[in-house]
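Have a look at this one.
Think of it as A, B, C and D in the order they're written, each chain with its own count starting at 1.
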Amino acid sequence: MNKSAILTLSCADKPGLVSRISGFIHNYGGNIISLNEFVDSGPGIFYLRIQWTLDQFKLTDDELLAAFQQQMMEINASWEINFSDKRLKLALFVSKYDHCLRDILYRHSMGEFEADIPLIISNHSDMKKIADRYSIDFYYFPINKDNKKAQEEAEVRLLQQHQIHTIILARYMQILSPEFVALYPNRIINIHHSFLPAFIGGNPYRQAFERGVKIIGATSHFVTSELDEGPIIVQETVKISHRNGIDDLIQKGRDLERMVLSKAVKLQAERRVLVSGNKTVVFE
Amino acid sequence: MNKSAILTLSCADKPGLVSRISGFIHNYGGNIISLNEFVDSGPGIFYLRIQWTLDQFKLTDDELLAAFQQQMMEINASWEINFSDKRLKLALFVSKYDHCLRDILYRHSMGEFEADIPLIISNHSDMKKIADRYSIDFYYFPINKDNKKAQEEAEVRLLQQHQIHTIILARYMQILSPEFVALYPNRIINIHHSFLPAFIGGNPYRQAFERGVKIIGATSHFVTSELDEGPIIVQETVKISHRNGIDDLIQKGRDLERMVLSKAVKLQAERRVLVSGNKTVVFE
Amino acid sequence: MNKSAILTLSCADKPGLVSRISGFIHNYGGNIISLNEFVDSGPGIFYLRIQWTLDQFKLTDDELLAAFQQQMMEINASWEINFSDKRLKLALFVSKYDHCLRDILYRHSMGEFEADIPLIISNHSDMKKIADRYSIDFYYFPINKDNKKAQEEAEVRLLQQHQIHTIILARYMQILSPEFVALYPNRIINIHHSFLPAFIGGNPYRQAFERGVKIIGATSHFVTSELDEGPIIVQETVKISHRNGIDDLIQKGRDLERMVLSKAVKLQAERRVLVSGNKTVVFE
Amino acid sequence: MNKSAILTLSCADKPGLVSRISGFIHNYGGNIISLNEFVDSGPGIFYLRIQWTLDQFKLTDDELLAAFQQQMMEINASWEINFSDKRLKLALFVSKYDHCLRDILYRHSMGEFEADIPLIISNHSDMKKIADRYSIDFYYFPINKDNKKAQEEAEVRLLQQHQIHTIILARYMQILSPEFVALYPNRIINIHHSFLPAFIGGNPYRQAFERGVKIIGATSHFVTSELDEGPIIVQETVKISHRNGIDDLIQKGRDLERMVLSKAVKLQAERRVLVSGNKTVVFE
């Protein structure tokens, strides 16, 4: 696979955007291999994901970024360019449940994600042995009321040092402070074990059991300052029956959670998720 | 298909219940063709659905009912016996949306339901032409604040006259009074166009669109005095994407609603739904 | 909704195609509202579906077609342009099973398809009453060995007269002659009641029952000269259990068949299906 | 959880079977906690799975087996009784693909299966490290044309020594000899990576890719002497699109394969699968 670039972009819609950007790419020798466009006609917003080859490209990466900076200012767009030889860096946060962590690490080892995972952070030491097996650095940051601020600051230094792009909360059972969340806007992905907005908050499987629903779900979403209210990326559901007790729901839910979170990780790694207000545009 | 009987029953669990009931049936010459049992070990409740042939049975229907009455008093059970030659009678309530009504009537015409549908009741006259096509009596009861009590009483007289067992609200856009609901406990089935408990109340598709969910759902449930809070019978979901506006959700939802409501009708007609508190046991 | 055009196109991949076409559209005052691109990197084929507004467009429809003709010759592309005010014309072929026909006509009446349905053709007269209800012309062409050639020729004259673009076989139980099929390459859509390539040919539900599968399926595909071998458009499956006899499979299959065929009709009406060899590219 | 017994049984249907067996259990002090019955009305075969508590039971396990032996001879039934304190023993066979093996071992470690896994057998040594991690004995039996018979005999000795009830082929890439298969009738479970009967034999993902299907599947089935033709236990499918190359199919298929095989293992461990000819009755 030759080197390629991916541009993701959103801006106010107006005529000529595709022509302008595809023309720019063509002029410098790029060949578009994938293009997704969506216009949200209500608010009139244009979303684009475009991937092109760089092997014949006449600009260096830095020249490309500089040239795009100019183009993008003219159309007042939010944008990001990623290069295939500088894979996205992800940090995994985990507590004591291991199923999501294991699933992500296994898929990563099988080459399912266009991303690197340089480190795992946990408020417990239990997962160190799994991290070791995959030769990924493991950092143990126990959190309590008194040290939370200091520990989060230490975590942030570590994340910045490793140039982490996105944080994956793989069943991380600590609420991140608003200050922490603000540093990674739409760059922290959580898994909630219900089909949001049903069963917000704690013990969703118990809530589901008590309500007597016939389906349970899982939701991956970006973390915002409001709990379980961020933009939804992926949701899946599975049927349950009256025979299923809470333990069965937890067991079935484990399958859903790992599938839904891993799918979000894959989408994010491939830059397929654009955020607009409290919603996502997912270019599958 | 020879004549058969279906017994549905729930009571406090204790040893010997299956033996007792299957022994009773065998003693009188019945052959069990289907048996479903569930014990909810938490509260210790026993649920049973059992179907047996009556062609060699030594009791008349009335003798059977009387004999069972005796048996059931001894174990303090809630129970019901239905005979295959006296099919369940259903009344359909509808307003202006026709998709659920059409689906039920078409399936009924194809023989999918073990039930009769002697009448359709509506607060609008629009659906009369569809009722006529299927040769089903159509009754028009316009409802307003002033006449609601009187109209409901007239409806109830009609329902009783036709010995209606279960009422199907096929997108009936009137809230039934508590007095009406109390007359048909766990015998009124509604379709709600969301995966309850998400998006209770009005405009669930708009709510879903605004929250930016990636799945929508539909829920059929028994009607209780609390809106959208009754025991859930069937739920299904379908994926949506950022490309789908509210109109697309309504369109995709129509498919879900008719599928979910028709499935509940079929289950109820075959006596596969038992209610326990605010949950259902569904013997598929 | 303002007038728009949809271009579908495939050709050998080369740099600059998106830029060229989007530039052309922009130059004449069109605003792209939707764009789907796919490059099949194996054979190196480029597929495109692009929709743009025409309300500010500087060319008439005929001028646009002529200008595109020129462009397309230069890149040796297969292409088609459809205008939103000249909706695709579909003919429905049906025999005695009515579920697919009813489903398509109901959805059509609800505005789900960007298409017109000027006529229904059948080798039986049974469906005339349904056609009448929807005020669609119904033509009865009984077919036997002796008259088949003549009847098909009469059908073709009728189809040409109505400028039919695509033929939908809604459970049409006659095999079309190779001559007929050759007149509508990739423009005849069939529904086969199995998840092809399993259970090709007759009685797929019986075959499925006898093999003891745990899922059944349905497949919509373009008709080619080889039975059940054409490019697949949509497939869906549903679970079955040991409790299901052949009648249950037929009943569950009815739901699948109508859903799968209607989905293919919708995709085709919106020009979302491109054919490449024996496969389809479906831009959802 | 108190000790319980599970009886699985099939025989020619006749009146009084449920009464007889439930009466027997009740007479000796057992309380039925789960009962599934199915009568295949075509050939007239009765299938039963019944579970009851043993804490008040008046017979020892051996007395129970002897008493049942007597009962079962009278009705000429195939039957098996399993006790909850003597869990089913499974052997896993694996080659070089690790996803199914890992999934089974992880679920086993989480307590999802009512079974023990005393050993893993492989024709390659690669999986030893995973076996070690879970502290399960690993036996390496390289197979070639010359040693196949001898190696299989050694395997069988090992299996008998460990009283293995069922063999799970977790992507085992060797065809077992008919002699081996005959020793474990309906006790060898395989995973095939297609929705059988489509794409029997080798390279099913390539076959699926080349046919251009829109769904792929996986099938777990009992192994018989005819390749991929044994009774099907579980099947699942997942959608694919034109964007998916063979590698994507393999990746999506891995998820299906492990889910479908693990589901079959769970069903078998709980004695929920009865075989009848070339089909299964699955009491979920």
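Assume a residue touches a chain if its C-beta (ideal position, glycine included) is under 8 Å from a C-beta of that chain, and two chains touch if they have at least 3 such contacts.
As the structure is a computational prediction, the values presented were derived from the model and not from experiment.
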Larger contact count among A-D and A-B belongs to A-B
Which chain lies the greatest distance away from chain D when centres are computed from Cα atoms alone?
C
Centre-of-Cα separation between chain D and chain A, whole angstrom:
38
Approximately how many whole Å separate the CA-defined centres of chain A and chain B?
42
Residue list for chain D, restricted to those that touch at least two other chains
38
Residue ranges of chain B touching chain A (in the complex, touch as defined)
38, 40, 42, 195-199, 211-215, 217, 231-237, 241-243, 245, 278-282, 284
Would you pull the chain D residues touching chain B in the complex into a rising list?
13-20, 22-23, 25-26, 29-39, 41, 56
Touching chain B in the complex: which residues of chain C?
99, 102, 106, 110, 112, 251, 254-255, 259
